[in-house]
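As written, the chains take the letters A, B, C and D, and residue 1 is the first residue of each chain.
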Amino acid sequence: MNELDKLYPPTIREHNTSPFHFEQRKDRAVTVRAYNPICGDRFDLFIEADTGATNTIYFHGFGCAISKASASVMAKSLSGKARAEALRLCNNFLDSLDSDSDEALALPEEWKAFQAVREYPERRDCAALAWAEMKKYLESNPS
Amino acid sequence: MNELDKLYPPTIREHNTSPFHFEQRKDRAVTVRAYNPICGDRFDLFIEADTGATNTIYFHGFGCAISKASASVMAKSLSGKARAEALRLCNNFLDSLDSDSDEALALPEEWKAFQAVREYPERRDCAALAWAEMKKYLESNPS
Amino acid sequence: MSHTFNPLTVRHDFPIFRNHPDLIYFDNAATSQRPERVLREISDFDQKQSASVHRGLYELSSHATRRYEAVRDKVAALIGAENGSTIAFTKGTTESINIVANSFRKRLKPGDNIVISGMEHHANLIPWQMICKEMGASLRVIPVTKEGELSLDRLQTLMDHKTRLLAVTHVSNVLGTINPVDEIILEAHLKQVPILVDAAQSAGHLAIHVKKLGADFLAFSAHKMFGPFGTGVLYANPVWAPSLHPLNFGGGIIQHVDFDQTEFLEYPRNLEAGTANVSGVLGLGAAVDYIRTLDAESVIHHEHFLATVFKEKALQEGFIRVMGNPRRHAGIVAFNVNGVHPHDVASYLASRSIAVRAGHHCAEPLLQYMNEAASVRVSFSVYNTADELDRTIEALKEVKKFWA
Amino acid sequence: MSHTFNPLTVRHDFPIFRNHPDLIYFDNAATSQRPERVLREISDFDQKQSASVHRGLYELSSHATRRYEAVRDKVAALIGAENGSTIAFTKGTTESINIVANSFRKRLKPGDNIVISGMEHHANLIPWQMICKEMGASLRVIPVTKEGELSLDRLQTLMDHKTRLLAVTHVSNVLGTINPVDEIILEAHLKQVPILVDAAQSAGHLAIHVKKLGADFLAFSAHKMFGPFGTGVLYANPVWAPSLHPLNFGGGIIQHVDFDQTEFLEYPRNLEAGTANVSGVLGLGAAVDYIRTLDAESVIHHEHFLATVFKEKALQEGFIRVMGNPRRHAGIVAFNVNGVHPHDVASYLASRSIAVRAGHHCAEPLLQYMNEAASVRVSFSVYNTADELDRTIEALKEVKKFWA
């Protein structure tokens, strides 16, 4: 059981069961599709402009525990952030999946849950899915 | 030296040096091209109708000792033969290159020189070149 | 086990299980493991005989050529083909099918159609889709029933005088369905429609007799039948062989070339441009030899039996949905654990040394139709045992618990 | 030997010479022999790790995927490419070139032209010939001098604003000529013409730095650089990569598919339809590792040296004609023995355990131009020695005597 507890720590299991901002908001938001052709995971990311310069993020769709939890953590981490800041966070999160260093110590608590994919590279794409699409979107829509 | 004397017995060497009916007869004969794309060997076979129902065969071109000697022996074997008989001889000669049996004993003396290619299959096509083209021609032009 | 076939004996032939005694390898539909005999053939060649074929006059090369050409006859004998010259070597099923599709491209006129089935692997779907699109032809699809069988009553109306080819899989790589290709071929031929059979999942599992079947083209991969990666087969009926044209142009397929024009050799040599994968083809030959040491009847019985037992046990558990329920099937089962994503199932099984596949198995349209975004697939081979099924069911119960 | 490089030490790395101690293998331009390291990599994988890549979540498959993908980086480092994602795996040079040609097919309009050279291998001639013919474009040919070099003064006029691509070989597989691809690329780029370099005979023999060179496409085969058969490489400059389209359609290259349409992945994955040749790619990786243990400078020096010495000695004999006399050349020499057909020369040498090639070497137009129907070719690698040259010259004297 050990190995699986490592790949699926409590944060991931909780976010998988009770994801943050998991709802259909197509009509009120810019929609970005995050799709992994290899496994069929498919989420819609909803980017809603707040009255200020920030966004609120929702998501909906279908995916494995890791991709779903990761999208959920993303929605939570980026909501209320300005675009430049959100982009910086996307980059940080994606880097944290690849880096070999111990910088993990400095990561937000909920992000650490995804550190295990560094040992399960076949699941890295699951953890990166939503963040990578969001990053692409933010890069081409800086404001 | 043994091995080469086997692949190139005196008959082949003689026919290579002094081939039978080795001359350009394009203007007086039906011309059939025998070409091996793998090695570039290329002979023109000239089929001249005699006054009777027989043909005289000449050839000209460029090829290795085996393909040249084989074309030469062919010209000698088929000249003066009626088409049906010539076709039969082509079939016999080609069979003799492949057969595993001892029927070789019954072969015309000059044909036996080519029996060695059964042990050098990479040279089989050289020995067969002119005969195979002639066979094709005779099959589609039975008279 | 209901018959004499002994998978535990067979298992000894496969070095991978010496190195991983606990491995439960249930991903055979993706690629099979390779027996000692095949590995030895390849490494012997590489160490003692390596040379390229068809153009060398020295012993190594002519020896390699003879052995390479002899594999055509072996393959022909395995599938009941006319003779070795019906067999072209390719890099796999995918390339074999693409060669045929590329050749049929030029035969298509606007308004023509090609018929495939709803359970095709992407390799037997996308090539047809692409040529239809390019030439203004349409792609017609034989529907699949909820049970996972082809709706053959639709075949009559789908095929018409503008149908240029029918392409269908022998065995579904998702549902395991064995399609009645003999009947399908009869119907196609009644309408003068040539037929390509995708035998990727049947070669090495079922006895195939291509001449009796009457298939015009047949495609399969060495790596799914105990042979090496990177080698495949295209069989073409002698009547249709002349209509196949090179997909790749280069050395070895040429009758004559100058800067203005080129004449090509005849099938099958015209399709084999470039240096041949000699090791791969010899490995395929050894795989065929290996398959012939097994009794074909027992092989499919064994794999069918494992699939049947697995389905039964899985359904008994109550939390597993099995996709389809075809009457005739091979050793392939796709399923889902309620409430758990297939990836998470597969990761769990992996932690128990059980190798399965999760995803759409390169058959997206079929999964869409079956209303699953993805599934877990187990696929069996000669070295799998009933005991491995039990261990897998146990692990699936744990999965369910883990994610409860 | 004029430098530190010791071919006798290198020879020990190659099992074939343990099994055939007397073998003089001078057919390296056709295919090289494979070192222990490469064979071990392949058989280790097949025995201990075999699984397909990219879709399995179990350890064997993810391990295989990681190692497979890592080979892209190795290859990129070997040829000085930007990064691993510029590297697509193919089945060989021939397929690599055909992929580019097939993609450029749709870019050609009537009246356009493609420029190649007069010393191209059929693999870098026929694909261009075919697309030009199909699209009404013309094929222009850089002439070759009697010395066997490209007439580059003609390049200016051959290329114009309708030139869509220039394809040229780095090293001639017949004459050994090393073409000044750096200069050619500069000229091509001045006219905005993309360039494909056929590196089949240079990869593993010369240091290549594709980024410094500026080549847009580069193609080569594993089996000519100590790797396995059936695996090749296509490098594409990131600027040009998006213009490459699949030659084969199937699984693994798809972003999304339904019966109406298909979206493809990006380069290089879009070119790798079907199950990957994992063993082949890992073997290529090991070949790259092996090449990096050798000093690239010494390798080409050694091969150049052998060719130079061979030509000198052959010409001294008086009965041998050497084809061409390029100033910059690698370890390849084509020649003829006066009055003896190349086949008969090769058969004789074979009887002395000397493996050479006789024929047109898949470069018919070049031979026509050089006025030879065929020739004998010797091509050298790291394990060949000056002593082997002497034995070959002796054998050639015997040939001459045998046929006197």
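In this section, a residue touches a chain if its C-beta (ideal position, glycine included) is under 8 Å from a C-beta of that chain, and two chains touch if they have at least 3 such contacts.
Only a predicted model underlies this, so the values are computations on that prediction, with no experimental measurement involved.
The chains in contact with subunit A as well as with subunit D are C. With chains reduced to the mean position of their C-alpha atoms, the one farthest from subunit C is B. Mean C-alpha position of subunit A lies 76 Å from that of subunit B. The geometric centre of subunit B is 45 Å away from that of subunit C, both derived from CA atoms. Centre-to-centre, using mean CA coordinates, subunit A is 38 Å away from subunit C. Centre-to-centre separation of subunit C and subunit D, using mean CA positions: 31 Å.
Shared contact sites, meaning residues of subunit A that touch two or more other chains, fall at 38, 120, 123.
The set of subunit D residues touching two or more other chains comprises 55-57, 61, 254, 256, 343, 347, 358-359, 364. According to the touch criterion at the top of this document, the contacting chain pairs are A-C, A-D, B-C, B-D, C-D. Note for the complex: subunit D touches subunit C at residues 15-16, 18-20, 23, 27, 30-31, 33-34, 39, 42-43, 46-48, 50-52, 55-61, 91-95, 97-98, 101, 121-123, 125-127, 129-130, 139, 141, 221, 223, 228-231, 247-252, 254, 256-259, 261-262, 273-280, 343, 346-347, 349-350, 354-359, 362, 364-365, 368.
Across the complex, subunit C meets subunit A through its residues 341-344, 347-348, 351, 358-360, 364, 367, 373-374, 402-403. Listed in rising order, the residues of subunit D touching subunit A in the complex are 54-57, 61-62, 65-66, 254-256, 265. By the touch criterion stated above, subunit B contacts subunit D in their complex at residues 1, 3-4, 7-8, 13, 38-42, 62-68, 120, 123, 126. Of all the residues in subunit A, the ones that touch subunit D in their complex are 35, 37-38, 120-123.
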